[in-house]
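In what follows, structures are represented as structure tokens.
Each of the next two complexes has chain A plus one more chain, namely chain B in the first and chain C in the second.
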Partner chain A sequence: MDSLVPAASRIIAAILDPVAGIAGDAGPLAGMALLSAPAGVLMAEAFRRASPRNLGSLLRSALSRMAGMVLHVEDPVTVVKLAFSSLWRTLVLLAALVPPILLASLPFSAAYGQIRARYGLASPRDHAVVTIDSDSAVEVAGDGVVPPVVRGVSPCTVSFRIEGAGRGALTVDGIPIDTGSGEPGMPLVSRFTTARTPSALLDPSIRIVDGSANRFDGRIGLVQASYEIAGIRAGWLAWFVILSSVEATAWLALASAIRKARRLRPCSPAP
Partner chain B sequence: MKSFTCSDDPSIIRPARIEEDRLKPLLLLALPLLLLPGVSPAYVGPGAGFGVATSFLAVLNAVALSMLSLLIWPFVSARRALLRSRVPNRPLAKRVVVLGLDGLSPAIAARLAAEGRMPRLAALARSGTLAELATTTPGISPVAWTTFQTGVDPGKHGIFDFLAPDRARYAPVLSSVETVRTRRGRDTVRGLRGSRPFWELLGAFGLRSVVLRVPVTYPPGPLDGYILSGMCVPDLRGTQGLYTLFGEREGDLPGGIEAALSPTGRRRWGALLEGPPSGYRPLEVRLEEKSGRWSARIGTGAPVRLEPGVLSDWVRLSFRSRTRGPSARGVARLCLTAGDTPALYVSAIHPDPWSPPFPISSPVLYSRYLASTTRSGSYATLGLAEDTWALMNGALSEGQFLSQAWSIFEERRGMFRDALRRVRRGLAVCVFDTPDRIQHVCWAAGYGPGTPVGDAYERMDALIGETVDSLGRDDLLIVMSDHGFTDFDTCLDLNRFLFENGFLAFRDGVVPPQEDLSGVDWSRTKAYSLGLAGIMLNMKGRESQGIVEPGDEAASVMEAISELLLALAAPDGRRPVKSVVRASEAYRGPYVGRAPDLVVGTREGFRSSWHSVTGGTGLSTVHPNPYRWTGDHCHDSSLVPGILASNERLAGPASIRDIAPTVMRALGLDAPRYMDGRPLVEGARR
Partner chain C sequence: MRRREFLRLAALAPAAALAFSCARRFRRGRARRVILIGIDGMDPGLARSYMDAGLMPNCSRLARMGSFSPLRTEFPPQSPVAWSSFITGTGPESHGIFDFIHRDPVTLAPYLSTSAVEPGGRDLRLGSLRLPLEGSATRLLRAGDPFWRHLREDGMPVTLMKLPVDFPPVSAHGARILCGLGTPDVRGSQGSFTFFTDNPMRISDDTAGGLVIAVRAEDGRYSCPLDGPPDGFRDGSPACRTWITVTADPVSDGVLVETGSGSAVLGRGEWSGWVPVEFGMLGGLSKVRSIARFHLRSVSPHLELYVSPLNMDPAHPSLPICSPRGYAPDLAFSLGPFHTKGFPEDTKALSRGVLDDVSYLGQAFDLYHEQLSLMREGLGGFDEGLFFFYFSTLDLNVHMFYRDIDGLSPTHSTVMDGARGIVPRLYSMMDGAVGEAMEAMDGDTMLLVFSDHGFSPFRRGFNLNSWLAAEGYARLFDPVAARGEMFAGTDWSSTSAYGLGINSLYLNLRGREEGGSVDPAQASALLDRIASGLLSAVDPATGLHPVSNVRVLGGGRVAGLPPHAPDMLVGYASGYRSSWDTSLGGYSEEVISDNTDPWSGDHCMDPDAVPGVLLSSMPLPGASPALRDIGRTACSFLGSTTLPPGKDLGDG
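On to the complex of A and B.
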């Protein structure tokens, strides 16, 4: 797992790097839309391929009981019975949705992790205020530091972002931190052990400090960036979820139209 | 409820996989995922968000509706109690359950009961009632079931046959519905039944009804309760059921279409499935075999795995409008015959109960709700759902047809059981068509043990037993059929008879056989036949090109036709016609004018020919029945009475028109004066 995670992260980073370059110049919303597009397409395909064939029937099964509750609303006994039946059917539906959800969450989470690792809680081209409090001095050196410099995930989990190798050095408690390859988006590997869970693969920025790193105790606060679209203000994560979902839906519709267009070609007799 | 899959061999009925059973282990396997360390908001993704939202909405909906239900319950109960206080008589039953078994013959049932093959019916006969139930003239389902639901004779409800003549065009039209154009230019269906069903009267007294699949209830009317329409609900093509057989041949058959299946690659074939008649795009059918596994894909739907010879589950079809209007949604079942050139049977396209293109239930939600009572989440909605024509044309084997019929029976049984659970006071009616359809096409094998007809009677007995077991102390059960059955081995071609006797003439150059009345010379025609038992005069002032003067001339023409028909003899000496009744004598009421002028009652073995039903003319007046449809009931009505059984002793003799007054009286109501029947519970033991 230790070698697998960085490898997977590098692959994901390599896919997103070109997009991130363009996204960085495109502005917050357009950049976010661009970055979430690969995730949306992959999510859609993963969901489509992993969905059980009887998903519609399961959904209708749950909904038909809800229809029954409306129809029998003046009969509390029937309504309660149908309510339990409806909840059970919903649970059955959710159980059927687990595999496609898990599979679709892979591309989503990979993209999410990459974006978060690159930009923290802010969107492309935006800056966030980073405050670091520590029992010891925390030294951040180098120019061209990309915000946020340091991001905290939990009290014992940190990750770092700097721009470009050789352009600066980062020291925590006087200990120089290896910044890995130094390329944008690459995870930190040297000071931190990797959680042996699938979540580490999904979010490359998460690293849990091991026992030897107890000396570091930093508290980090970030100001979450939020954006207003069509009068609705929401954090970038919400927009990422919305945009990737919209793009996933658009992809499904497009793919369906393409498949249909291919099928409607005049049938040629078999040789 | 145990559900079954269909097999070519009806004796092999395998329990179907139930989704919950399959998903339970998956659910249990998925739970540990929640315990995985390394919490990350990215892990769940939007899919889980959708899941959470769905669960939240489901819980919210369940809680909100339960609360609402509890809140309004006192008011609704008070309103119902108030309405019930208006019931004029002391009710004899809290709930009346009517189990309609279409075509169940009292003679066969009595015999099987005596042989011990229908023990539950025999038990009813001992403790309650088992009798003949006189049917209508003629004893045809739409006529008889309309009389059942209205309590009046056909002259007062206006349904005299499956088909009625369009007297302007001399063409057959459905007798029960017509399509009319609204002011907004939309086509809508209007029922032609001329009297009110008795369940519409119960609501005024706080009595709810559940009415399932009673013929001639399409389009469904409003009532205090729920109704799912039965016979006369059309398919998506607007017909009473038209299957498609994709294979090597092309052509139109009675009840079906044969269309070519073109090869599109190695072990791949394609075709187009036509949907609604105009304004909708056909769907592409793609059939494929990969490593011995067959699959079909229709339109943009998911591929359906097919096992050769086995009917598929319901497949949802969506026909897109060419004019950006709403799609027409239907359901159909497929059956593959494998081979070098395969054949794919696609059943008639039933309106999708989840989103029917026209109303099939009242309230509209009810057809959706009923989906919850079936294993597959869908069910047969077409009026004539069992595909007898596919069997007769060879598109389905007998085993496949029986599988289809019994799976429809199981769907209906699930609905009926649900209705019995939901209605605790009021009326529950359900009509099962299975015995009628099976007797029509499997009559020749008799009703011995192991025969399709014998099995049908035994399974109906089990259904009766199941229903009896679900009754409460104050429930009245009425088991009834609309008519019985008898032989049909010889066709009587009424138009040929009229042609040979000079009452019907063709234009110069036109000679029989003719498929319809289009070649008739109306200036020389006095009478014609259309439908299953009727002869119409070409009456001046009524028919568009009528020549027979009403009054004496009409009477003399009818007299002449009657005499000749009663004197008619088949080549083997048998007499085909038992009775010829004038409409003016047989019927009373405002709709007598819609009736055929003469109703021909045939003897056992004879029935109107297949040609003359649609106005056609064959080559001989009497000829052998070419189809395996050898059981029928379109005879003299005295030969095909229905059955009446009950858990109470009912007065006799009973007629089908007595059922509505009986139900009303049992629930404490007086039957309206316009009803022709009488309550059978008057003087009954209680």
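On to the complex of A and C.
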């Protein structure tokens, strides 16, 4: 396989592809809502489980110092004491928040690349510009390549247009570069490179190209997608954050209700 | 009746009454929807001849359904004046727009008549940094009430796309407005191009219409400085600058253009799409987002790269170009980037020779299709009320290519082969747009297609200032030094009148002009003498009278005029117009000379020589229709409870 998808990205994609395919007919927002759900739930669960049990009391403690400053505003000595105390309590609260935030960022990072590649990128209305930086001149071909192919001498660059990014194969030095299927919910390719970059681990829009003696790094000029819900238009990232937060909150509320219901279940009578 | 039922009915009663009253209002109109298609510069004579030749089948069908007639325009028949009359239903003495250019009576400094930027007040200075505490504001200079106010007060939906002379849209009254003619580029001008070249033959210091900038290649790459809006955070407000990298490849005959926020690959003779260009202020904390199109004229032996005027990005406009604020971004979201500058076609680049006929037309066709897409988008969601759309296609392009249909034009032979026959083609294209508007009609829709003026040839330029000097109304210290420069070498103590703008003549009035020499009591008689002289002037080359009409406003003839109003409006005969020098107060060696600019057709003449056109889908029995009657007619057809000034053309 010449154009490689890193293993981690491939495994996640294998799980998400069927889901995105099912949601494809319902539109990108439905797909994004569906794919955001596991990320939101995992983030919420990660946050809940990694949070210290006394997080609520730490928060109340920091807030009570601030309220105290307002109440004792006419007593400067008390206000200063409370200010230092508030600062310390806030630092303690922030320190307590670090582990849950770090843990919650893992599902967010895993989902971010996938959702960006599937719903965050769009092909421009006219041709997408492809620019390849390389050690030495590369040869490009493909049905979608629109001439002229502009070559820069120093540094060594090749630039050209492609018709409909995400719809067809491009060949660089004889190596086919898959730019994506163009199917709704399937990843578009924004970058291909011979270097093994860490960001490619979780981002299917970055393809690692193998089997070339010539090192090159290409980028496809895609544009950021934005969507409209109920007359409000915003970039894909805003909707991803909103959708995953709503789904996480709903999950937490549901989980809390289930736990309460379990606790309230009457004990079975003793035999 | 139970108490609960009574309360429920009591709550429903006002809603039912409101619904009934609205229904009554809408039922009273003769149409549920009115579509107004404003085609700037559509000439009734040319339209009739192309309709007869079968080039405009949709307009012919529309004329058979309703009516086709000339439409009386304003004096002077200039677009800002005429469209202001369309909006307000009144003449220039009421809406205050008399010319493209007005002048400050004290300093004689010319300024654009339609809008002005008022600088902010106090600011905080930190070295060369300036932090404004009060922001600057853009002000619409057109006075008067827009006709759609009456419709909005009745709760009718109103959408006006590419509306001329309404920038900024301060009097929307709840209408959806996308500004058109009068909207500046991000530099604040009406459009200035940039042309990068390493061809020494092309480099010039002339700044008319745009900048030609010399660039130099290093390893096949050019770093090109592109100036943007004035940086209001720095002393003296110097222009913001961004650098564009151009990679040129003589082998493939193409370039890669990188703006930092977008890129384009171009072959020779190609146009790019809209490419984002950003300008940073305050170290990047504040950004102005613009869009530009690039056109590659040549790579080898010399780079010649044209950059269109920098339009405001409709997705992130830096100035108010629409109402409500999200309207242009919503359109950009649906359609992609589109032109926002009032004069979309870059006629100055063609006049300067930076673009040739064929490359200019490439730009013009793309802009026509953008306008068509905008109209489709607007008509797509139009269910009731008023919809207006403005097309610039005929006006600006016929200005540039009238020479093709005018065998007597001094520039007739300069039309490139690829541009021959363009005027009938443009009319045919506009007929296609009319056809699309007709497809949106139903039995309850009134469609009016109209223009603000027609067209006439512009073969000879009449320098009003030189004529005034030749007739003794102006005196020059040094006639040679005065050429081209704004009133350079004018002896104001012995000058009684001057020309500025396209059709405007002013007296050098004591108490109004700083160096005024004319006694206001003598103004009326002086104006009569000048009018008589102008009307009897003869072009020695043709034996024709260059001026066929004048309208005297000063000397107390029209009461309540604003101080910026001209004292006389000069109506040039067909074939003549004020010379290029006149509009900015220049003198020339000859009073009348050939117009050698590609800008070969015009309408800033005697209004009787350039009437507009009116086509309607319903018969209009009103006699001698005028442009200022359109708004009232639309309101009347929609059953508005109050009506703007003007005449209802639907009344016999």
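We take it that the second predicted complex is superposed on the first by the 142 of 271 C-alpha atoms of A that agree within 3 Å, B and C clash if a C-alpha of one lies under 4 Å from a C-alpha of the other, contacts with A are read in each partner's own complex, and residues count from 1 in each chain.
The criterion applied here is as follows: a contact is a pair of C-beta atoms (placed from the backbone, for glycine too) under 8 Å apart; a residue touches a chain by one contact, two chains touch by 3 or more.
Quick caveat: nothing in here was measured; it's all calculated off a predicted structure.
Student: Kindly classify A:228 by the partners it touches after superposition: chain B alone (first), chain C alone (second), both, or neither?
Tutor: second
Student: Which partner does A:96 reach: the first (chain B), the second (chain C), both, or neither?
Tutor: first
Student: Counting only touches as set out at the top, which of chain B and chain C does A:253 meet: first, second, both, neither?
Tutor: In the superposed model, A:253 contacts neither chain B nor chain C.
Student: Quick one: classify A:79 as touching chain B (first), chain C (second), both or neither.
Tutor: It touches chain B, and chain C stays clear.
Student: Chain A residues in contact: does chain B have more, or chain C?
Tutor: Result: the larger residue contact count on chain A belongs to B.
Student: Identify the partner contact of A:71: answer first if only chain B is touched, second if only chain C is, both if each is, neither if none is.
Tutor: A:71 contacts chain B only, not chain C.
Student: List the residues on chain A that touch chain B in their complex, please.
Tutor: Residue list for chain A touching chain B: 43, 47, 53-54, 56-58, 60-76, 78-80, 83-88, 90-102, 104-105, 108-109, 112-113, 116, 195, 197-200, 202-203, 206, 208, 237, 241, 244-245, 256, 259-260, 263-264, 267-270.
Student: Taking the complex as given, what residues does chain B use to touch chain A?
Tutor: For this pair, the touching residues of chain B are 19-20, 23-24, 26-27, 30, 33, 36-51, 54-55, 58-59, 61-63, 65-66, 68-70, 72-73, 76, 226, 262-266, 268, 270, 284, 286, 300, 302, 316, 354, 363, 365-366, 368-372, 376-378, 422.
Student: Taking the touch rule as given, give the residues of chain A at its contact with chain C in the complex, in rising order.
Tutor: Chain A residues touching chain C: 124-127, 129, 131, 146-154, 157, 159-161, 221, 226, 228, 233.
Student: Spell out the part of chain C that touches chain A in their complex, as residue ranges.
Tutor: Answer in residue numbers: 219-221, 247-249, 251-256, 262-267, 273, 326, 329-330, 333, 336.
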